[in-house]
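Once you scroll down, you'll see the structures, which are given as structure tokens.
Common to both upcoming complexes is subunit A, partnered first by subunit B, then by subunit C.
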Partner chain A sequence: MNRESAKALAIGTLGVAAAMSLAMVASHVSPIVGFNAFFYGAFGGKQEIAETLASTTALLFPALGIAIAFRAGLFNIGAEGQLLIGGLLAGWIGTRIDVPPAIAIAAIFLAGAIGGALWGAIAGWLKAARDANEVISTLMLNFIAASLALYLVTGPLRAPDAAGPELSLLPHAYWLPTLLSHTRATIALPIALLAAFALRYVLDSTWFGYRLRAAGEAPEAARRAGISLPRVALWAMAWSGALAGMGGAALVAGELHRFNTQLSPGYGFIAIAVALVGGLEPLTICIAALAFGALESGGLALQAAAAVPKDAIHVIEGLLVFALAARRYLGARGAGAR
Partner chain B sequence: MLDDVDLTCEAGEIHALVGENGAGKSTLAAIAAGEIAADAGTIERSGRIGLVHQHFALIDRLRVWENVVLGHEPQRGGTIDRGAACAFVRELGERYGLEVDPEAVVETLPVGIRQRVELLRELARDPGILILDEPTAALSPSEVERLFGTIALLTQRGVGVLVITHKLDEVFAHARRVTVLRRGRVVEERPISATTREQVARAMIGGEIPAIPEREPTHGAIAVRVSGLAVPGAIENLSLQIAAGEILGIAGVEGNGQSALADALAGLTAYRGTIERPHSIGVIPQDRLLEAVIPNWSLLENVMLGRERATSAKASWRIDRAAARAQCAAIVERFDVRAASIDATLSTLSGGNQQKLVVGRALVDNPAFVIAYNPTRGIDIGATATVHTELLAARNRGAAILLISFELDELFALSDRILVMTRGALRGEFSERRFDREAIGRLMVSA
Partner chain C sequence: MTLSLVLSLLALALVRGTPILLAALGGVLSERAGIVNIALEGEMTAGAFAAALLSYFTRDPWIGAIGGVAVGAAVGFALGFAATRWRVDQIVAGMGINLICTGGAAFGLIYVFNQAGVTPQVPAINQALWPMVVLGIALAAALQWAIARTPIGLRLRACGENPHAARAAGIDPLAVRLYASAIAGGLAGLGGVFLALGELNLYSDGMIAGRGFIALAAVIFGRWTPIGAAGVALIFGLLEALQFALQGNIAWLPSDFLQALPYIAALLALLGASGRYRPPAAEGKPYP
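Moving on, here comes the complex of A and B:
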């Protein structure tokens, strides 16, 4: 963890704590009672810890993906759509294959990665070939992904046992093994952590990572050094989508045990905050994901115990991103005025 | 950065502030103009102090008049009076020989004209003292003359002008006093009439000027062959050849197709015609900060840029950090790059040291063909000598070198042969080092 990302994390933690206190006071709840409920909800027992870890996992995959794109200078805000398409392909493969469980789980994650990668690569290709602004294209592809998924599960892929917009249930043997029995915390978490370490290695020690960072940091210098910016855009978006898609696969195989179009309550968007709070460094992002995971599960408990609306937590998360983005912008201006 | 500096610039005088890069000249200018605060000391001034930056501080997307009047816009009924602003810019331009179309958008203007805009913006605020930071770094000889004409007009009106430069020719041609700064201290301050170029140069670098190596006779085969080259909007039907062991100098005013030529030869732009050149190539780009380096990265990571093959592990997708560190240390050593360590952030280095790293990176793998585009722009005497030495050493080794420069002195010092580039075409050929400054200057401005 470098100094810059440590600072972002510290500022984020303090800011969130202060904002939460304000939200509690505004809801006529003593912060002592409120934080007590919050921390109990996040870490109070096996079930609570498991909920926190499950949210952490769901955020960590797309946050790592977003970090790849951001490090390449691409503002991928389409992780939600990439996650959904990844989940769709994972959920479909899971009902179509008949192999030993370990291979099936590997295939489900691979399918998630491929689905997300293809969805991300669309925006990457548009950027590479047509210089289309990736902010717009990734945002719009979120809507297309949602509509496409809905069409497929209610139309061509319609499952006989479906109760809503969803595919069939995966065979029980393909469900991800849990870390803590009878909870939602699954082996997807160590897989995500492994992905974080792998990403750090790729960024630091491979030419692919080097080119990606150079293109993000100084595109003109990178281009003149023989780095193909279109190629970087395409592959960065594909890998970014692949990680988000693995997040979709983890939700499918670990939590719902089937694909449902309501798979993600906005993990792909909150993950932008996680990536930024984590300073776009894979290992710091793991810590940020844990913090946001705790906010998710603790916020739910806070709502139940102290009637502080869970939306307040989301407002706080939004404020946090806003503050970090502003700090980044102001910091850049300060350096430029030197 | 600066230590106990005293400097006085009198009304109506041209005062030259000279020193190597990193000596603290720009810092001193920024403090005098109030852009950054000093830790100690006082600044007394009569009237405003205006500062024209080396890297212009203009808003590229705005028009000339908008840049000039920004902050004190002429008003008419609550809106900006555009007509009055344009008239003001025209009038000011005529008075000081700084004619610019007030309606032009800054980003469409060449460097020389942008500098006029920057000057106009400062003059619009009626300064008592005007500081010019490296004002001639990007100007052609005729533009330099014109600039000093403007400066003379200013001094006649009682404005004191402080010129920051490292070109001693200009100092001795125009200035009345000279102050030499070295490592943040004033080491000499005299009237021009009481000093010599050699004395000032020695004071700047704190020792003798390094000698440039001998030009060994080389008889190479043709290494670079360009015929019928055309780049849309920049070059039509250009042909040239460079032999191994030859430095071909391209003289010309900025904006006559030099960038397109360099980019076509480096394979960075689409072109028609044929280019035959060696595969191994080293490029020293024109704009160091934008095109050559990643300022926020370490020296180490910058040295790897564009040199993947030389710093790859056995598996070509992996970076060999140990090899990269060793090579970076070797470049720093051989090209005299002064930095705290190879892990230091590049932007903490002075411009001259950054450029030495860029030159080192371009030459360290002994390329058969080198493109050097203004390789010493804006850097000091010591660093310039290092760069010139290394370019000549590469030539003596048998490299074919294309040297594009806006400075005739540099071309004369290094080139074996000079061609003049105007409007995308090459004219005149001056070979066997028989260079005629006047003839070349005339060709540079011919239509």
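Moving on, here comes the complex of A and C:
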């Protein structure tokens, strides 16, 4: 970490602490009581740590996916829809197969990846074949994914035993093993970390990663060097969607144990912030996901213990992203700025 | 289909389309000056919430309306300031602003009204709904003329296409971008006011429901011209209206597909109109 980022990080942390204190004081809560509740909620015990890790996992998969697209110069804001379709396919496969649990879990994750990849590839294909703006297409696909999922779970795929619009429960043997017993922290977290290391290797050390970065950083030079930009766009969006879809599969097999349309409370959107705060580097994204996961679970505890609305956390996340956008200015005034 | 049915459908289309139209005009203005405006959603949210809040406390909906526009403009000013003075990545900053505004409104609801999700009913300006629709269309025509035909419009475009040349011609690109972004925020804020006080008489979480992003799509489909963006915004309004009209009338069509109609149409439009979008050359690039 260089001095500029260290300085920006320090300013960011102080800013977050200041903003949180402000929110607490505004809600008539002493910051000492508030921070105590916050840290206890995020790290105070087994259950609390597990909640933080569960939120971390839910954000990490889509954030890694978003990083792939962004590194290729594609502004993929469709992780939410890709996650939903991945989760839908994962939840459907999980109720249709009868195999040993290890194979079933692998199939569930694979189904999630395929579902997300297909949904992402629609935007990738539109970009590749028709040079369609991916901001519009991924955004529209989010809305369409929500409608499609709702239609399928209320209509053709609706579980006969289900109370609401949802798919059947997965067989108990297919539920993801937990890291800490009786909590929401599952082996999805090590799988996500593995994906982060794999992604780092792919981006930094393979021909595919090189082409992807070249297309993102200097598209004209990449094109002249014989790299097919449409092909990169298609595959980058497919892989981006695949990771988001695996996030959906992790939520289905690890937390809800079935698919329903309430699968994600906006993880795909907050993951954009996570990817950006993590500087689009897979390993720093892991740290950013942990920080955001702690904010989410600590924020919930803060709401329960000290009546500070949880939404204050989203304001703080926004400030963090905003400060990050200004980091060149905050870190090194003028000097070395782009 | 009878004539009255067609007319009521078109009327609904205008009402559904106008908030998108207003925000899209803001988007055109700021993007032609060179600032990517991904923050329209947040600006609409801030405008709608501020309007409901002020109307509640002053019991005067007009103060609420003016306040909503002002708060939207302030958010636009913040984006413009960060973009010009701090040279931030405009897309990243816009995402941050969206999070701050939606989170801030939800926080404010609980903090001020001590209830989640929705404000109490506030004094509204429902009688001004149609004047606002007309105002939106008139603004589109006026902006089209102003951008294409007036010296100020020329300066605005110069800052979006080539700020260095603009500078050489004696224009201050930083000031032009800052003010364009602030006015854009005000227009998006007016879109929020239209929803909160024109159509309804309250603010509720999620009431903007992606309209700021739809407006962004309208800017791009409309090829960065006010008339084009306004037209696309009204087509979105028409598709939304159609969805209401068809709901329950066509048995074999699931209602969820109708809900997705505007978005599927936009996706198909992307298919048909390839490579015809050229954004302003210096859009998103910090100056100097």
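By our rule, the second predicted complex is superposed on the first by the 313 of 338 C-alpha atoms of A that agree within 3 Å, B and C clash if a C-alpha of one lies under 4 Å from a C-alpha of the other, contacts with A are read in each partner's own complex, and residues count from 1 in each chain.
Keep in mind that, in the parts below, contacts are C-beta pairs under 8 Å (C-beta built on N, C-alpha and C of every residue); 3 or more make two chains touch, one makes a residue touch a chain.
As the structure is a computational prediction, the values presented were derived from the model and not from experiment.
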When subunit B and subunit C are modelled together on subunit A, clash or fit: clash
Contacts of A:225 with subunit B and subunit C, given as first, second, both or neither: first
Partner chain(s) touched by A:29 [first = subunit B, second = subunit C, both, neither]: neither
Contacts of A:302 with subunit B and subunit C, given as first, second, both or neither: neither
Partner chain in contact with A:54 - subunit B first, subunit C second, else both or neither: neither
Partner chain in contact with A:140 - subunit B first, subunit C second, else both or neither: second
More subunit A residues in contact - subunit B or subunit C: C
Touching partner for A:69 - first (subunit B), second (subunit C), both, neither: neither
Single subunit C stretch clashing with subunit B - from 78-86, 168-176, 240-248 or 258-266: 168-176
Subunit B and subunit C contact sites that coincide on subunit A, given as residue numbers: 338
Subunit B contact footprint on subunit A (complex, rising order): 205-208, 210, 214, 217-218, 220-226, 338
Subunit C-touching residues of subunit A, taken from the complex the two chains share: 23, 26-27, 75, 126, 129-133, 135-137, 139-141, 143-144, 147-148, 150-151, 154-155, 270, 272-273, 276, 309, 311-326, 328-330, 337-338
In the complex, subunit B residues that touch subunit A: 36, 266, 268, 283, 285, 290-297, 301, 304-306, 308, 312, 316-319, 321
Of all residues in subunit C, those that touch subunit A in their complex: 38, 82, 85-93, 95-104, 106-107, 110-111, 116, 210, 213, 216-217, 220-221, 254, 256-257, 259-260, 262-264, 266-267, 270-271, 274-275, 277, 286
